[in-house]
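Take this structure, written in structure tokens, and hold onto it; I'll ask about it next.
Order of writing sets the chain letters: A, B, C and D. Residues in each chain are counted from 1.
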């Protein structure tokens, strides 16, 4: 497990390759955080929940960090305002790296002495860090988007990619009483993934692949953004008010003149490049996913339907093959979209299920109780995992969640229908 | 059915007793509408969905009303901005009353000729009007709250009331596969109440009575509004930002000095009066209901649990007795709260269920498709019915819904627990 | 003076002809007030500053009115929030009219007994009421603009008018030491119009007529709204953000296709009618007036320049003729603009002078000290008087003032140049 | 002049001592800019207005900088949004320093060849850079204020200081026709400081010293912030809404319990330290300065009064001594306030004069026309110069200007009275 600890911690550093102290400082909206803050906060997690309670005379690295790098744990104390994380110029990135180093050394020195309860907290900490690694990618992508200059610089080093696509046909599932969630103790899961319980599911079908950019472009060209009928009322008002005409990060200027899909430019983590219509559509809100599905004569799947399909990979033949995660290199800057093969690792798929507690749910004890359960309002569950997700972070029962208006994650959809 | 039509239409006029043209004009927030607007819009409904499509050479009363009194039906056309309904000084209340009269006469003259499809739309229209009758009460109450002068005037005519209370004990329910929703064709239900389907429910208990003002005061005095642990993160931030310290309409000024519950004043539709601690707490948001339940070591019920209990009134003995609706006079201005007897008619009860479509849900056809289904996001279901609800509007499968932050309805809660 | 009191009070009632209780209720923005509120507030002024301090055992008409109808006099006590004046449905218009009647009777009965100090306050009260009469016109015009229905109704009764125009040439003035302001005791002036003092003025020229709609249209067609060079930085940002393309109340839709000035429609107090290009431009902000002047190779006059010209009507020949106020009937709904003859009564003319105290200024004593002097920040002086101004309200030293972004007054401009 | 060029440019670098790349990145509000941006923008000025037009085949350092580092010159082209300057992580601080170096080298190489017109632009550029040097201090101070951690670090290195105070008595000035502004060609002045013109001034008195913290504390303790009578209406509403109880950067928590002035802590550029009551009050808005003056039975001076006094230093004996600038070291972090000696260099003094053009004012030609003149609305003139001002930037005719609500400059006041 020490090895896994080192691996996960190392991945955060790998993501910083090519990043300057200034890059690590910027925060482009309240929803996002600076890279430096992610690096510090994930270390703060281990210091706060493992080292401080576990070592008798533990000397904290810096008492002020408790205030600066607490995200939302009210039971731990007060904290720096979320929207002002970009103002923390001091401590420097260098000092935050020293903090990481300090925490890692302390952890390594003590690893043999940890009991099961402590190892369980460490496990949470590693999954927590993997979540933040995904946010490091999506948050910095959002910051880049506000800096025309940085994009210009990056575009040069951006190599084109291509990927194949499948036709969008259906896989059938019979209904009945099914299990949802997990009580597993032999592998990690967050508290909100349990308890396992029974749900009634009616017969349904799922799209074999996520919706592609080509599919989504059809929706756009058919007036999808202008037709209230497809939309939730709140979503349509929001789209009108904000002037949404496409997913986030699409530049439509030339396309609107030429009408050619190749004139659509897409901002990726590595600069702008032409839209690849065979890739899965990403960076759409729940409102857009829901509207698209209605336009397509379908609907979003429930999370029970999704999880049932993911657990029964034999159904439908092509599902899941034998790789849980396609090894797209993390050093590859072309993380806009991915080939369409399986249910995991391409794109976070919006479901029609609001994020609520499973029946009989009990939050974890102590401060970790706050981890997930105090966000169970006004959010929808996403399933799957994206090109930015850490490999170890992907599983059939995993419940990701975001607000229906948020678009800066690698979020797309898969269609469902009643049968 | 013509009789029912006349009864429901008449009730809207009864609610206007004592109201001036100016009273009918005011709008205190975007969520609320002027009384005059409600009176016109409910008539517009029959003109638009029954008279215009049903009569060959129908002459609309006033072509401009289509724009003014459309609420949100995009398929019908554009509409007057919702937040500016209070600026419609013309047409006058008198002319709106003439509009009602015109529509009623046309409807009455044609009633014998209506076919089943038309009668079904009329049925929807009557339930629609009953919904707006409840809003007439809660919207005008909110407007009054902004006018110290009107309250002073009303307080004089406000007689004190008293009501008994029960102790807050539990009724037990066994779990299993249960039916949720209705496919009934012999009695009215909105599209969103179906289709009927099976759900798995674990054993649970429900509070025999809604939570009382005394219960809620205990929560306040125990620091409920200051303790983040009880709250959803969004709710706590909202409560802090808005300075919530009690339900809407409570005046705590004198109480904060004396500490005596009788010094709490409550604004009712008939002015301020002392808090009756035996009544059900009302005018709380979902955030407050959810926090209260957590403080009480319980939780909100799901809508499946609530509906199952309501359908099995024999369980628990005291439930539901034999009156579905206690005949509190609508002329009685003391509508702040009600005695605690049954599951219906006291208070709208927040559930933990987000408002989502039932499996297999298909919206009604045509413009009425917009009636409910385009609001299925960021809202929670309430069950029961309040002192302001029309009697014919209350049933076990009825799904009311509001946003988690809204407080101007007669909304309270009943506790639930796992068993 | 009793006659004048009656005349001025009567004019407020005359303005109410054709207005319903609902018309008197509406408030379309925080800057504007309902007609009913104006009617009550102007009566409150006499009750508060004349009757209450002047009569030993005076019985106030309604104690609550002190709170409801105080505008901004902190020394008098707390008050109803300005932005919520539209929610005062009670007291009714009928009761407010009774209030006016009560105050008028009390005033009339006591008129013989008033001493000089009291008469001076009454004088202020009459000028105060004349100010509010102008606001009754401009505020209700703004409310009408938000109600497409009312406009349609009114348009029918709107008769076309025509008016002649002059060419836009200059009148020259020599500079030197001039007097600004007044210490006059034989005629009324607000405190802020004094003390009289000397100012140095350089030689200058003023436009003989206010800028016309034709002039302003030239500015629009020359890209005036798109050219940052002409604008104050704050004004250009505001115009861009708000999408200003013309004065308030101009409807440009058909004109943008045809390019013909006659396709511009202008909302007047009596509904929409075609733009009369010979009339003075009105409903422009200081930002627009300032930008227009720069585009025209000129500038706005200072208030010293304006007042000097107005006091020396012989200069320039055509100035001021012998009528201070052209007797456009107040019953004439066509108050959008006016023929261009003199310096008074056509249009309020923006100056380049911020509203500041004259040297040696001392505010009036008591509550009336708050009348003007606490608004001396971020406002500009306007001179002249408009078609909506009461005749007795216009004089050479009068200093009207509004914020540079406000456009709902009858505000235009006259050009000035250095010589 | 090349020497002066080097000196001024060097001072910007001196201000960066101890600053990290992250410090140079942060932006705490839209009004403020990052240090890195100031460093780049001041170089952009010379490149854009001297090098590009002056050298035939000049190669710009980086074409993208034109977009990134233009502040508000519309005639130069579009620009990066002001509120998002903190997101420019790329280019790095290192690259911006290289940009400075490039510009400096080019300038030095060409200095001998510059003609008078070019030298005049360079002169503007140097004064422009001195303005930005003051903003570097005040902007970063504001950023620090949002980072509790950085303040803790800095406090350690903050040594206490003491300074003497004078009693607050008056200096008398006779009135008459005076000259305001300058036409000087032998020394630098901005366009807005001219043309010189005559103004009539009545006899007046000025406070010998700026208002001290002790004076201001008396105002606070006398309920100054709660008494509407002293305030402009807009200012009082703002102060109530924002909860102002003291100047910006004062921490009153302990003082509110103990009532002792020494318990007031003041945030300085070098961390928190106890309030020195003998220093000049700083970091107050025009609204507060104006209210203080009214409370003190005085008023703010006009800019004409201030300038007349500053030009006649013999009047009043103690004025101006013979140093225009007291040599407080720039390395001294205690820049909160300064000893009270003269009219220059202690504190920017709010006047009662709105920022308007002098009679006959003509903006400079070309892009530099935008330098000052498009901000002549809703701002007030400040005179003097503060502890953060560059020495060469201070003169009797200098007109600084800010909005009446802004408080993050070293802004205080000196009292005036009529005589």
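The criterion applied here is as follows: contacts are C-beta pairs under 8 Å (C-beta built on N, C-alpha and C of every residue); 3 or more make two chains touch, one makes a residue touch a chain.
All figures in this text were calculated on a predicted structure; none of them were measured in a lab.
Enquirer: In the touch network of chains, how many steps separate chain A from chain C on the shortest route?
Expert: 2
Enquirer: Just curious, how far off is chain D from chain A if you go by their C-alpha centres, in Å?
Expert: Here the centre of chain D sits 46 Å away from the centre of chain A.
Enquirer: As a quick test, compute the distance in whole Å between the mean CA positions of chain A and chain B.
Expert: 37
Enquirer: From the C-alpha centre of chain B to that of chain D, how far is it in Å?
Expert: 57
Enquirer: Among the residues of chain A, pick out those that touch two or more other chains and give their numbers.
Expert: Expected reply: no residues.
Enquirer: Each pair of chains that touch: what are they?
Expert: Listed by label, chains in contact pair as A-B, A-D, B-C, C-D.
Enquirer: Chain D touches which residues of chain A in the complex?
Expert: The contact residues of chain A facing chain D are 20-26, 28, 36, 64, 67-68, 80, 84, 86-93, 143, 146-150, 152-153.
Enquirer: Any idea which chain A residues touch chain B in the complex?
Expert: Contacts found on chain A: 72, 74-75, 177, 197-202, 228-229, 231-236, 286-287, 290, 302, 352-354, 356-357, 359-360, 374-378, 404, 418.
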